[in-house]
Amino acid sequence: MRKIGVVDTTFSRVDMASPVIEVIKSRISDAKIVRYTVPGIKDIPVAAKKLIEEEGCDIVITLGWVGKTLTDKLSYLALSIGLINVQLMTNKHVIDVTVHEDEAESEEELYKIAIDRSRKHAENLVELLMRGREALTKKAGKGIRQGYPDVGPIRE
Amino acid sequence: MRKIGVVDTTFSRVDMASPVIEVIKSRISDAKIVRYTVPGIKDIPVAAKKLIEEEGCDIVITLGWVGKTLTDKLSYLALSIGLINVQLMTNKHVIDVTVHEDEAESEEELYKIAIDRSRKHAENLVELLMRGREALTKKAGKGIRQGYPDVGPIRE
Amino acid sequence: MRKIGVVDTTFSRVDMASPVIEVIKSRISDAKIVRYTVPGIKDIPVAAKKLIEEEGCDIVITLGWVGKTLTDKLSYLALSIGLINVQLMTNKHVIDVTVHEDEAESEEELYKIAIDRSRKHAENLVELLMRGREALTKKAGKGIRQGYPDVGPIRE
Amino acid sequence: MRKIGVVDTTFSRVDMASPVIEVIKSRISDAKIVRYTVPGIKDIPVAAKKLIEEEGCDIVITLGWVGKTLTDKLSYLALSIGLINVQLMTNKHVIDVTVHEDEAESEEELYKIAIDRSRKHAENLVELLMRGREALTKKAGKGIRQGYPDVGPIRE
Amino acid sequence: MRKIGVVDTTFSRVDMASPVIEVIKSRISDAKIVRYTVPGIKDIPVAAKKLIEEEGCDIVITLGWVGKTLTDKLSYLALSIGLINVQLMTNKHVIDVTVHEDEAESEEELYKIAIDRSRKHAENLVELLMRGREALTKKAGKGIRQGYPDVGPIRE
């Protein structure tokens, strides 16, 4: 059985955990999902670490939502440094999904980005967990995107 | 008995500890509050760590006030990285409340933000401490805000 | 006997150590001051750590001077992150005084800021060292400033 | 036999691993290449650390692609801090190649930068791995560039 | 015998190691210099740490060159955080010399800054290594500069 952690926030304006869980369950029959919900993005790193160390998760996906102000961007930086530290302290992957409010003009567009990015990163999580470090190698350098259509490789 | 740390600063222009303590005491009958007051936000991380490691607190809430200059914003970033590190070193939550002077034009508005944010994050602290990692899951992705009215989820 | 570390720099344009030492000696009769002078602010964190770990200081105050350029501001951020790490590695307070050249137009004003901030933070150091985590609690949320007059609390 | 780690991403728009592997194989006859492909740059640090600690690599080269937005630049900073931490935790070099979309106007130019930078840093990796800390000393201060022509030393 | 590490880069446009070594040899008769040359500034921290831990250096001086772009400035920040971490992990000084291309309009001026800063920081290294934590105290607060003429103290 594979234990997979999912961290989300009450700050987020889209339920990104549902598409993530749906993808994981459809791909890994014996997946055990362990949820953790925190207020905002700066609370995410310790939740991810606790899921790995206290709940025995093999991998974690985190679902953050980032506002538009400079303060929000600095919080995003602190989150990013923190999640990389969690990974270096545990030698486990933490797939870090964030949606930024300055990515789109309309709420409709933000919604689509959030769902698409969540689903595609859940696929990445499954690949890394089930097939290891070369699972994604066939897509290396191919301009793959989450939240948007792939831009593709630059041809010589 | 639950030991809960509260860190605040002399720099802050609003007493945010009082509403925090009021919420905690009304929700947890046997709560033991342990106070720590420091000069400014860069002194907060070690205070939070000492409350956990030397005073045995199960969780900490920190109450910071951030000025308007670039220097203040960089101090906020150092604070945020530091508080995430405290959490990763202790595997305990530190709920990090900050009020930024550039959030509002008037002092009256800043005051309201500070009190509302403090109360609501004290509620978050109680939930995480008493009911654990899924306590907030029913609110995940719901666009919950502290200091402002909730913005709500984006509907499909 | 209390051992108190004082770190300053040759880059600074004001001797901030003298007012700091004067305040400490007038407040703590058996204080032992341990000096450390480094070239600039990025050399401060290791000096503070060595004063704690190799000289046995109970607390340290650091006196930095920050130029006006973007590079200087980034160095300030690195300093701030470093000093927070020193505190988290030792569970000791390091009171971090910095004067920024963009704080004032005239040299006269910068001089006043440097002396006032140094003296007031030396008072904070004495309070935290001698009376502990609630020494400053009566001033919490009161809008206390160092280098400037207090701005005071925002009234409801 | 020398084990050399190569980390790349699916986000990248150029296959930078192929020129890297070609250079390494042409220079070190018994090189064993260990691949790791991750979604994006924030996933790179843990992959580099796992290659060193779990796969026994002596050195790693990482191949990142960075977008144009402020968010991308902050992710680049988090990556850079993370990769330096990996090196400090393992005492092994991680040669960090990144291509930034704001480096060039045209895709053609970006492609050339990516290939040239990858090849030249693969040469640097070989030198450091095979000939040690003074291997590059003859080129010190010579204005060597990767991705562009060398700018050369400034003459007195 | 004193072992002193010198780290420089191939990216730099000025040979800063030569003036550094000249100063050290003229001041410390039994100095043993240990060189390490890396491609660019992000490779410096691990080289400094290896010189201390694997080569037994008592102190290290690092010689970095920083370009003009935002990316270069972020790399400088990562370098600065990394070098402070090396010092906190080893309790040894790492004197961090950097020259920034935005410091001067002409190459001639940049050259002068690089040589002057390198020489003066080599003097600082010698003082800290040979005479310890109060060696520079007579110059504290005196507005000493490296790369430029001293600006001097602000008089009361």
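Here the chain labels run A, B, C, D and E in written order, and each chain numbers its own residues starting at 1.
Just so we're on the same page, a residue touches a chain if its C-beta (ideal position, glycine included) is under 8 Å from a C-beta of that chain, and two chains touch if they have at least 3 such contacts.
As the structure is a prediction and not an experimental result, all values here were calculated from the model.
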Notebook entry, point to check: Chains in contact with chain D and with chain E: which ones?
Noted result: none
Check: Any idea what the CA-fit rotation angle from chain A to chain E is, to the nearest 5 degrees?
Finding: 145
Item checked: chain B and chain C, separation of their C-alpha mean positions in angstrom -> 25
Notebook entry, point to check: Between chain B and chain D, what's the gap in Å when you average each chain's C-alpha atoms?
Noted result: 40
Note to self: Among all residues of chain E, which ones touch two or more of the remaining chains?
What the structure shows: 77, 81, 85
Check: Taking touching chains as linked, do they make an open path (line), a single closed cycle (ring), a hub with spokes (star), an all-linked set (complete), or other?
Finding: ring
Next item on the list: Write down the ring's chain sequence, where chain C leads and chain E follows directly.
Entry: C, E, D, A, B
Notebook entry, point to check: Which part of chain A faces chain D closely enough to touch in the complex?
Noted result: 66, 73, 76-77, 80-81, 83-85, 87-88, 91-96, 100, 102, 121, 124, 128, 133-137, 139-146, 151-156
Notebook entry, point to check: Of all residues in chain E, which touch chain D in the complex?
Noted result: 8-17, 34-39, 42-43, 45-47, 49-51, 53-54, 70-71, 74-75, 77-79, 81-82, 85-86, 89, 107-108, 110-111, 114
